[in-house]
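Please read the structure below before turning to the comments.
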Amino acid sequence: MSRIGVFVCHCGENISATVNCQKVAETASGYEGVVHSVDYKYMCSDPGQTLIKQAIKDKNLTGVVVAACSPRMHEPTFRKACNEGGLNPFMCEMANLREHCSWVHDKGDLTTEKAIDVVRTQVEKVKRNQPLTDIKVPVTKTALVIGGGIAGIQTSLDIANCGHKVILIEKDPSIGGHMSQLSETFPTLDCSQCILTPRMVEVAQHPNITLYTYAELESLDGFIGNFTAKIRKKAKSIDEKLCTGCGLCTTKCPTKKIPSEFNEGLGFRPAVYVPFPQAVPNIPVIDRINCTYYIKGKCKVCEKVCPTKAIVFDQEDEIIEVAVGAIVVATGFGIKQPDFFPEYGYGKYPDVITGMQFERLASASGPTFGEIKRPSDGQVPKKIVFIACAGSRDEAKGIPYCSKICCMYTAKHAMLYQHKVHGGESTVFYMDIRAAGKNYEEFVRRAIEEDTVKYVRGRVSRVYEKNGKLIVKGVDTLLGAMPVEIEADMVVLATAGVANPGAEELAQKLHISYDGYKFFAESHPKLKPIETNTGGIMVAGACQSIRDIPESVSMASGAAVKVACLFSQNELTREPLIAVVNRCAAPLYSTCVGCFLCQSACPYQAIEREEIKDRSGKLIKSIAKVNPGLCQGCGTCVAFCRSRSIDIQGYTHDQVYNEVMALLNEY
Amino acid sequence: MDELKKRAKELLETGAVKVVIGYEQGTGNKTRAAFIQKPEEVSRLIFDSRCVLNLAVYLNKPEVKQIGKPAIVAPIPVLRAIIQLASENQFTDDNLLILGITPESKFVEFNKLADVETYLDQHLIEIEARDKEILEKLDKMSVEERWNFWVEELSPCFKCYACRAACPMCYCHRCTVEMNQPQWISVPSHQLGNIEWHFMRAMHLAGRCVDCNACANACPIAIPLNLLTKKTLEEIKVSFGGYKPTLTGGHIMSTFKPNDKENFIR
Amino acid sequence: MSENIYMPYQMRIEKITHEAPGVKTFRLKFINEEDENKFNFRAGQFGEYSVYGVGESTFCVASSPTRKGYIECTFRQTGKVTSALQRCEEGSVIGFRGPYGNVFPLEEWKGKSLLFIAGGIALPPMRCVIWNALDLRENFKDITILYGARTVPDLVYKHELKEWAERGDVKLVTTVDPGGETPDWKGEIGFVPAVLEKMAPKSENTIAIVCGPPIMIKYTFPVLDKFGFTDETIYTTLENRMKCGFGKCGRCNVGNVYVCKDGPVFNLKQLKELPAEY
Amino acid sequence: MSTDKRLVKKTSLDKLFDSIKQQGKTIFAPKLKNGKVNYEQVERFSDIATDYIQTTQSAKVVAFPRTEKILDYTKSKEGIAVVEIDLQSISEVVIWGVRPCDAAGFLPLSAIFNWDTKDIIYNTRLEKTTLIGFSCNKCDESCFCTSVAGNPGGTEGSDMMLTQLGDNGDYLAEIITEKGKTIVDKNPDLFETAGEIDKQKYLADVPVKFNQTEIKDKLANFFENEIWLQQSLRCIGCGACASVCPTCACFDIQDEEHGKRGSRVRCWDNCGLSIFTLHTSGHNPREYQSQRWRQRILHKFSYMPERLSVYGCSGCGRCSRACPVDMNIIEHLTAIQEA
Amino acid sequence: MSEFEPKVVAFVCNWCTYAGADLTGTSRIKYATNVRIVRFPCTGRIDYMLLMKSFAEGVDGIIVSGCHPNDCHYTSGNFQARRRWIVFRNLCDFMGIDIRRIQFSWVSAAEGAKWADVVNTTVTTIRELGPYTDYKKVANYFEKEVSHG
């Protein structure tokens, strides 16, 4: 039985100046099912709210329409008042008479008519409202952080320091990521490892952090607050409990000439190795592809020398299952392999190197212990050319975006070179210098002005070898596109930053979306840059788009706060305005025919498959099911469902249909 | 045909399938669906240009399902329907055997749905020239003329739902017209309700219609319903690059491109 | 009254009683006095109740013909019309066409004992007969009512159950399905057929009237058979989808029997002769 | 009234048409559209189709329209004002060119609408309808009126029956009812006296395909038979057969609401549709197509003769022609007879 | 007879256009009274059948409005909707439904002035087009047909 109360607010004179509120209330009192209809000066005031509460009790109201301001303003207020009056808060609707009527129209009959129409739609709607209760979702207060670079490290530490458990997984044998490879960092030129290593150690020692290195995400199920992650711990062939990290095995390993990933191929490592001396954890792994034992079936030198018998050749990958409530994805970025521009001769000429390789050359822990030496002959390059935008901002190469960090690190590289090679000549070819950031522009100016780095604005068309020298051919656009040819001993390419090779696959495992470049997509570019569209999954650092260190760190801390917010409650409370698939009696069970076309329409992967089986377990039909933890209530699925089997609470077919009918017909 | 019959017989003899759904001679000059359940009855199977009924419509019929695993005689439109239905989770490789028929009336057996999908790449949906001409003729009319054309055409519809029943894509257990809270489309047949019904049906088939013409063929009063679906097919071609049934990947209307046209949006 | 057989009487909802979750009873008064005077019905008949703008729905008249001046109906919210009826309030006007269908042969039952067995929302069709018999109490011997529902809140006519329980001339047994009881439940716990079996009803000179969900009916008939009830002494009512109520719209027939005209009241013998299509 | 026989010149047919038109009556006649011939409101004699066996739809629409109002209502604060359909407003209609089977179809239809309760709306519409029949001089393989006690020159149901006497011949007019006579009275000069004419030889030869009495007897104990499933396997469950059938009377009652105003309407329904008998509980007594097909045949050939003493089929063959999947009724009935 | 006042109904999303229309109000920008706003969570929820029903119940013009591309509160609801509109509009046009009477727009929460402009220009357009009699005639089916099929 519908017993609707209508409350028309004057909003002082905001509404009543142009709308005849009394007439609105009077007209509404004549509608079927309306048992109470009044107008009042300020509905949102205490006495106004009391009016509602009292009427709910006195008239036994089953629904309330407050005709006042925008629901975006006061809907929570009036829903709360209804709740206090003993009515389900979702049995209250608002008719927007102020923002959508009195403020935008002049005083007159037409304005009052409109107000009446709007009230009528809400009366018809509220008649069909259903009492709803907030959805409570329990929260597992453990976070999973994927990726042990600076972003992953920072977010793990922040979450852990809030008192929550963190599981950090890193695909490589050590955490540290790209930052650990860097020599110095812009714009302060402080030593990257010096600032990073303490954080790495802190992670390893933090009681709230469980670290799995050499581990990857296998699969993910569940939803916000309630994920189940399967983690594949790749076999290290080392018993981590027994290994003391003495390093004897790595020194005795007969296979020593494997290009070191950490040194970007500029140095070597053995088959059993720790990537770099400060690695966390300091436990080696056996590279099964290059290890003689795994190739030929014999060797086992390491096993012989290991004092603690920690070598386990037949160790297998281990899958562990963990329950987590939130996930931070901090998988970082990849570097476009420069072989995709043959015109720069990378791979052909050993002295054409990437920026990251230069980092290793410049690093005190690198293959040359910090001396800038040419890979080809170990000579110190007298003349060096840096090519910025090697791939970035190049639509033809498929990377129209700016990689953002290259301008700064190229300036840093040139500066480091000038510091290390006295009398050296460095030239930077650039398109534009993008140095927006605290102290960034000053840094670049310093390189140009104090360290006499020569900046040439123009694109390099080719790098080739002539008489044992590299010739860099380009144009100087500031000099009217004059062709320039520069002789160089070494060329450094500021190669574009790209998404990690496995990003797409990971996104699919996580059910998060990604953009055309395979960077993970944030929920909202402005207001939700850290959240993804999948509730409970955040992104931090360069996996979302190329970021420098300070940005990655702030994003990581931001993600940690998002996780901490989530973990601050034992249960998540969510508005119940979500989609529901109808269910009915046998033999139909639901009008859903299981075409699952809604699945591809859902931006939140909230639609799952439910199998209806008979008592013997035989499948009767598969139907769609909305995961209330994931559904955000957009209703895209609703408009898409042919058989109208899915409906959205708060905006049901019955409600909106009757709203429209009420709008257009006399009642 | 002999090859088809031979294979059908084999399948029934070995028990690989319980029924072969094919075409047989009907009354007069009509052909119709045949449900061959005994090997000796395969001689009834025929195939010629009169066989236009889309047999895929039977795959979801409970009584047919109850017989057991079927093999289905499938000219191109049926193959398309099968792939579209499979993409909508209506069946898998395990519960269907496909006896394909090429446009040259040659028998070709498909082991997997994926093979059918590949095969269909060579047979993309093309609207027949005759129909294109009608579409163009309608396009050239003024809005009022087109409105009058459709009011005239659709008014006589008495909602027997033969179009829906003959359409392999109309397999909902409860059609929207049967949902009555709210009653989106009037149960009685009248001008308005008829327009709404056929409009909605065309929208529901957008991006799913395999252009088999079953709806128009089924209409007892010959309303050219297929023009509606053909028009949407054309629009999908122009705006989204065209429709072809695929087993994986999103549905045309439930996916999007960020650069879909929006010149009509302010 | 119009000659147009589709024209409903205009009825005002005089009183609404909440019976159980989703179940209400309406007391309907004729708006037109003339209609009221002409109107006549007997126990077992049904009608078409309509909400203008929504449609018609079929259910029985739940009040006794001995109570004049109004009719009552009890319905559960399941479809479009019953949902609209749920939204109606006291004072609302609805339509009613009827009465249609055959009746319980109360005249024939004179001097016999009556055993009513009902389950869930199927008590309303029987309530009409029960009150009819109670109002003519002297015509009958023992009157026993066995009524079961899934849970205690699902029991309808709670007031009347109390009234019947308090009357000395009726034996009332109520039961709820196991798990459906409340802490203060004093009735039986168990399914209707089982409770019936425990009651060991006497079949001698007794008519059994059974209404309930198909599963209950299915298991109740054998119990009655066991205690010696013959097929002619067991009555039930059938419900089928109907639109017209007078044998034209073509929905409700079971074989050549039209539930709306030849039914809804059948005895078990008649029921057994029907093809299995109801 | 004994049948009066007259002769109408072929050349006078248009005059007869025009005369009826001038009397202000709406004339429905077969008209060609989209390659199908159907009854439509016709203004000119020349618009009438001549070369056809049978219209796609039956003439029942005049007395039993696919959608018709029962009542209007208006809600107000005071209550609901209900206005029933005004029978006076129903216009006088002439159907020109009704086939004998179509006219005969009104008998079972009338039986349904009048067994104990009388449907005054239907009756009024039929009363206001004059049926001018044309006997059949051609038939097709779907025709079977002779198997259901009809014949290609049958006058049953018609008010006047015209039989063309040979190709291009004049017409024998049989004046069957008062309504037929009225037409003659209004146009005496168009109706010449006719001599003794054996119309039989001008009629189509419709072979007898089955014996309906035998089928009726057989159906009495045929409920549980696998033939229903066999026959209906290819039936796709639409309502084409029922919609074109001259004797199918199943209907639905629906409300059409527009705010405080609205109407209750009666509209056709089809026993072939799965929701026809569906209960709101989800239970469906006729869940499968085989059950619905059985109902259709039993209703027409068993229940109706038993309950209404009239068969629910006039042999027009429309269902067979309209069926998208070739559910041929002759074939199926013959199979039942032979089973 | 008084001047034709078009009936216009607007189907808008909660997050952008509804909020934008709120801003129009807060900014006190005046616009035509003819429009009635129906709120939806997202343009993705807007059912084309509601547009059809609106015409059937007598509106003369319709506005459908939501977030600009990439601004959707739900990321892609507006993209989904846009695709549907393309087909819907095309089919409408093909069936002779006057698509000049359906105005699609993107109005963000910051575009209060744009909302007023969208409403005003739509109302002006509809005023010029006049009442949608073609559709109303069909919607009033009982006035003329029904008695004879």
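As written, the chain order gives the labels A, B, C, D and E, with residue 1 at the start of each chain.
The working rule: a residue touches a chain if its C-beta (ideal position, glycine included) is under 8 Å from a C-beta of that chain, and two chains touch if they have at least 3 such contacts.
These numbers were taken from a predicted model, which means no experiment stands behind them.
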| item | value |
| --- | --- |
| Separation of chain E from chain B in steps, with touching chains one step apart | 1 |
| Both-way neighbours, i.e. chains that touch chain B and touch chain A | C, D, E |
| Longest centre-to-centre distance from chain E, chain (CA-based) | C |
| Pair sharing more residue contacts (C-beta pairs) when B-D is set against A-D | B-D |
| Where chain B and chain C are represented by their mean Cα positions, the distance between them in whole Å | 47 |
| Centre-to-centre distance between chain E and chain A (centres being mean Cα positions), rounded to whole Å | 36 |
| Interchain centroid distance [CA atoms averaged], chain C/chain D, Å | 40 |
| Interchain centroid distance [CA atoms averaged], chain D/chain E, Å | 45 |
| Residues within chain B bordering two or more other chains | 156, 158, 174, 181, 184, 190, 253-255 |
| Numbers and ranges of chain C residues touching at least 2 other chains | 79 |
| Junction residues of chain A - those touching two or more other chains | 32, 588, 601, 640, 653, 657, 661, 664-665 |
| Residues of chain D that touch chain C when the two form their complex | 70-71, 73, 75, 79-80, 82, 84-85, 112-113, 115-121, 223-224, 249-255, 257, 262, 264, 266, 269, 271, 276-281, 283, 285-286, 291, 295, 298-299, 302-303, 306-307 |
| Touching residues on chain D, where the partner in the complex is chain A | 75, 77, 257-261, 281-283, 287 |
| Footprint of chain B on chain A - complex, ascending | 588, 591, 593-601, 622, 640, 642-645, 653-654, 657-658 |
| Contact set on chain A toward chain E in their complex | 70-73, 96, 98-100, 103-106, 108, 110-111, 113-114, 117-118, 121, 513, 521, 523-525, 533, 577, 601, 603-604, 632-636, 638-640, 648, 650-651, 653, 656-657, 659-661, 663-665 |
| Contact footprint of chain B on chain E as seen in their complex | 48-49, 52-53, 56, 69-70, 76, 79-80, 82-91, 93-98, 103-106, 118, 134, 138-139, 141-142, 145-146, 149 |
